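Shared chain: chain A. Partners: chain B in the first complex, chain C in the second.
Up next is the complex of A and B:
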């Protein structure tokens, strides 16, 4: 007497899958990429192909996406629990300084300095978690506070002037060389992406994050350890921000207090563009990766367009178009709902 | 009394998603009359008020105001006709002054949107004087007591030219003295020719204040009488006096050992005090009482949501500490909450996710999701409880109320509990699903579960329970055996215990 119509395998119809937010974003990404490939690739006077359509440029895009990409991965679970973490960019700066200090001033070997930096990053995330879960303060306010606090600490430690440089070649390998054909840090980025994807989509942790984002009270009534789960996402965000700081330092070969300024907003943009609801509950890690890629390709592709190069306006144009893309993505998500709300009213039978 | 009543309702009916909230209500209100509306929880009082204030459109029936038929009542047109409602919790803006609150309701925008402060203050003072309130128009509403806020509401109603004032349990949170003040205002209103619809569970108030009383039962008006002709006993009889319309599944098993015992349990923050009771394995212990009597609060204490601060809870003879829902679940207590849309089912998540939400640790011991195991468990419960759904992947919000309730129930049955607390399990559920849920509950008791059944549906709690406790004012006031008549239980719930056979 089952009332279930048998649905073999996954029941989502292929049409819905092709029109999912992630797929639409993939089409946009492909379109972007093809556009820049044809419009942004030129041959210079010596007959060498330059611009967007070169391997070097593609690797460059990947190399420059890793830090913001890591922060976006850190923010995805946070936003899915209906929280926010504005402090990740500042924490990147603080972690870079702490790493430089541990290595240069405290004389620790690089691996140990990395390990300590990661622990300190997790602890900084723990501070956010503590304030949010035990004092029940809104995440926006707490992390707005630590956003200033972490950056201020970084500047206080360096007195605004110290920059740590002269890192050993073996360390710079992580940020400036290639390994197995790809920029080294890309491998780290992909590994973290895979880990966060598994956490979000294949474990009970991801389940609880979603439930908490959709119905925090309901999650409590279901016996989920809401406080502990919320704390976890902020600790994880701190840990990943510290990792991003290591990669940042290795890429530029220097650690300074203003590292990662404004990165949190790029990361949030990527997460939301990737289809994660800012109100929590829905979203995916692969969506976030596509969001990161769409922004990175846009930014770098624009810099390759001859017209943009002539105006020397790559930064401005990319800011403008990223904003437009984000607003478009948000409207595209809401529009069908609005239309379906309007429809029944129009055709309502007269009673 | 004049020939044309101020308000007349004829055969008003209203259904929500197949549940008939009102089946046919006749009601008449005259000018200068206080007309009490009485009925047990769920008899249809709230729905009727919403029909009168235009918040709900009745499916059938007619409404006449002062002799004029009204075809479509909206909140705006109701207000224009002079209908005002004073709710239990005044809906004022706490950070604005009294005069500003009154102005928000009554003032229309002047030329250029200019605020004429002096006129605003004078008017507020005038209206407050009319209800006999000594409140400064400049006082912030935040600083006022509850009855003072109610007076402001009444002043607003008068200022809007209300001829019909509905008062929904206005005394629920008032002290004795504040009640007397309110009563004198109501009497003044009556003297000035206003018709007052007065809703209250407190019979003594009805006898003190009302001229006539209409009793609602199961969405029907069962009669209107002058209060002078009624006794308390007669009123209670009217409220509950139905034949048992539904067949409840009979008890089939003898109760076993004591599964749950409470000794003088209390929780100051939620107003629960000094509760002692025992529930045996295989027994359904019903908890009756009026809304706000503390039954849900007791359930929240037992489930660790608001832990007890006094007394002792014993599970199979062992004292246990229930500090959190996780503790409660670990000790085999399950709680199917009253508000299933907020607490029972996460509407945006698939049915399968909802059903396994409380057993993550058992079903996924490595935290690694096992989709196959989850799906087969969900399919089992969908079959056992006959949940009508397209697939286990359908979101919880796509189901009807009764089927959502079954999903909520499945989530807790999956925890293999020893004690199951059900809070209003059939509220807002259609008749068919209701009797299915009753059969499920009886079956669970037969399998040895101790069931604590909280219900405001008197026939349900009478029909289902092996024993029945009545709560009032945060504590357990009486325990009755199965087969106790509705009149006795209702009297106990209303606090007329001396007449009950306790």
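Up next is the complex of A and C:
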């Protein structure tokens, strides 16, 4: 890198901090939110205020964000180490099925079934880790393989037709009720977010992930156990995907082989929108959280707009605008660099 | 960096602002209808009827669903409608238990919930618009078979499987009707096709060579009808041995037009959508209450209610004359 990297921590000038990617994303999020608050809130026939500007709606947004949010949290360390994990959505599906089986077919009590599912999720992440670190295969190819493998297993186990339902109320509480004012699963999501944030921003692990993402060889020469650190992020991704599967099952009250189809792409979108470089090395957990929120608010807000409702195209429109938002954010990130290259240099380069 | 991102925000705002219009206080009743998947021709034809009913009633119809049959998305769409405060939610459930959670929540918020095409759990909706009872299907199949053969002669049946519950039920009602009304007709053989077109074709070929007196083959699983038609066509017995059964217009259109298949029986999906909207609106207006025996639906007249099932009534018969009006 040609320019001087600002020193980490609090020493950056306030101007730079206000214009960091995360802050700009926060402004976009606020703008989105205000826009939908004014354009997406109406009074219905019975005189009740409905739409975006209701507490119920805000809680729905939070509730619907938890699973994709968890996957995005799982993917942030992965992408920062310059890796990728395409298998998290499929692993969500497989874990949901395994959980259903452990509870329904094996007759385990719910807490034990959850514990086993989490272990199995971590093991599945371990399979990715093993192939990536010991065989030195590219993460994209490995996880493309396990993406099909995990989903295929889920479909094979259920022969595509078994659906586990009739979970006890006490379990559904995690997905459908509120606890201390918020959707229950939001607390789990926040706890995981805090843990991953601490790991990435307040421990040497976090710093080593960035170092590995920037220059794996350099990190190895610097004495970092690169293989073990990389393995850790994939195992962690597997564990979090399994947790997301539990929450998904509790929210819908059903475990089916198609659970979480396509979620990996939403999660990757959120991570990249949040400012994490797909080439690794830079990124932040709070950026990812903002990315998740920006997409969730956009998607839910659109569904409240009368025009979109009349067109019956909420889902199509949200896909279209999420894509546009991501491309704009990426362009805006690269544009200044391109422009500065075009401008004649005022200073002679330092010797 | 600053300028380009400001421009980005401005562009985003303009894009979004163009999507929003001034919201007039809409005093129309809002009926939200959820198909299993919105690209499916079957549900598109439901929507055509629903649109017609909405126009006649002056209600606003929302028709949205997953682009694929995705139970999770169905729940999200219903939850979206709950916070939008629609008046009626009408659902074709992809997954009974899964959707019922969301529907109960809607009921708790005072939204009227009905199901159509595929039911949810009974406590999660007020009524189910039932497109066809097993009895209605069995009777229509047998009556049509009798009409085609002039009420006498031997006929054979191809079923999906010998164990599937709905197939067993339909077969039972066909046989009951036969015994009751058509003493001169005789069911000589029943064979399963495992819901495969190829298997239906080979079974039908075997039937044709074994029974030279056969006047009609009835297939009561949807792959069975075109499979049987192909067998009859290849045996050169088109017209001599009649073919009919339960199925979708599109997969039988070719054989119906060639004159190999005489009748395809199903329900009129347009009427299903039409009745669903009328029933939903009546429920919201308080005209349709628990325990009602009938419900009125515009130009289609009055429909019977059995318990909490609104009955669409007699199945619809697709034949050479009308099949081109349907596309599903």
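The rule is simple: the second predicted complex is superposed on the first by the 335 of 351 C-alpha atoms of A that agree within 3 Å, B and C clash if a C-alpha of one lies under 4 Å from a C-alpha of the other, contacts with A are read in each partner's own complex, and residues count from 1 in each chain.
Operating definition for what follows: a residue touches a chain if its C-beta (ideal position, glycine included) is under 8 Å from a C-beta of that chain, and two chains touch if they have at least 3 such contacts.
Computed from a predicted structure; not experimentally measured.
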Legend entry - Superposition on chain A - do chain B and chain C clash or fit: fit
Inset, instruction - Determine, under the contact definition given at the top, whether A:157 touches first (chain B), second (chain C), both, or neither. - result: neither
Legend entry - Angle at the Cα centre of chain A, taken between the Cα centres of chain B and chain C once the superposition is applied, in steps of 10 degrees: 130
Inset, instruction - Scan A:214 for contacts with chain B and chain C and give back first, second, both or neither. - result: first
Inset, instruction - Check whether A:224 is in contact with chain B, with chain C, with both or with neither, and answer first, second, both or neither. - result: first
Inset, instruction - With the two complexes superposed on chain A, say which partner A:28 touches: chain B (first), chain C (second), both, or neither. - result: second
Inset, instruction - Scan A:202 for contacts with chain B and chain C and give back first, second, both or neither. - result: first
Inset, instruction - Would you mind checking which one, chain B or chain C, touches more residues on chain A? - result: C
Inset, instruction - Identify the partner contact of A:144: answer first if only chain B is touched, second if only chain C is, both if each is, neither if none is. - result: neither
Inset, instruction - State the minimum pairwise Cα distance, in Å, between chain B and chain C in the overlaid complexes. - result: 19
Legend entry - Shared chain A contacts, counted only where both chain B and chain C touch the same residue: none
Legend entry - Residues of chain C touching chain A in the complex: 1-2, 4-5, 7-9, 11-13, 15-17, 19-21, 23, 25-30, 38, 60, 62-64, 66-67, 70-73, 75-77, 79-80, 82-87, 95-98, 101
Legend entry - Residue ranges of chain A in contact with chain C within the complex: 19, 24, 27-28, 31-32, 35, 39-40, 42-46, 48, 50-51, 54, 56-57, 60, 64, 163, 165-166, 172, 176, 248, 251-254, 256, 258-259, 261, 300, 302-310, 312-317, 321, 324-325, 328-329, 331-332, 335-336
Legend entry - Interface residues, chain B side, partner chain A - complex: 305, 325-326, 328-329, 335, 337, 342-349, 353, 357-358, 360-361, 364, 367-369, 379, 382-383, 386-393, 411
Inset, instruction - Enumerate the contact residues on chain A facing chain B in the complex. - result: 1-5, 7, 10-12, 202-205, 207-208, 210-211, 214-215, 217-225, 281-282
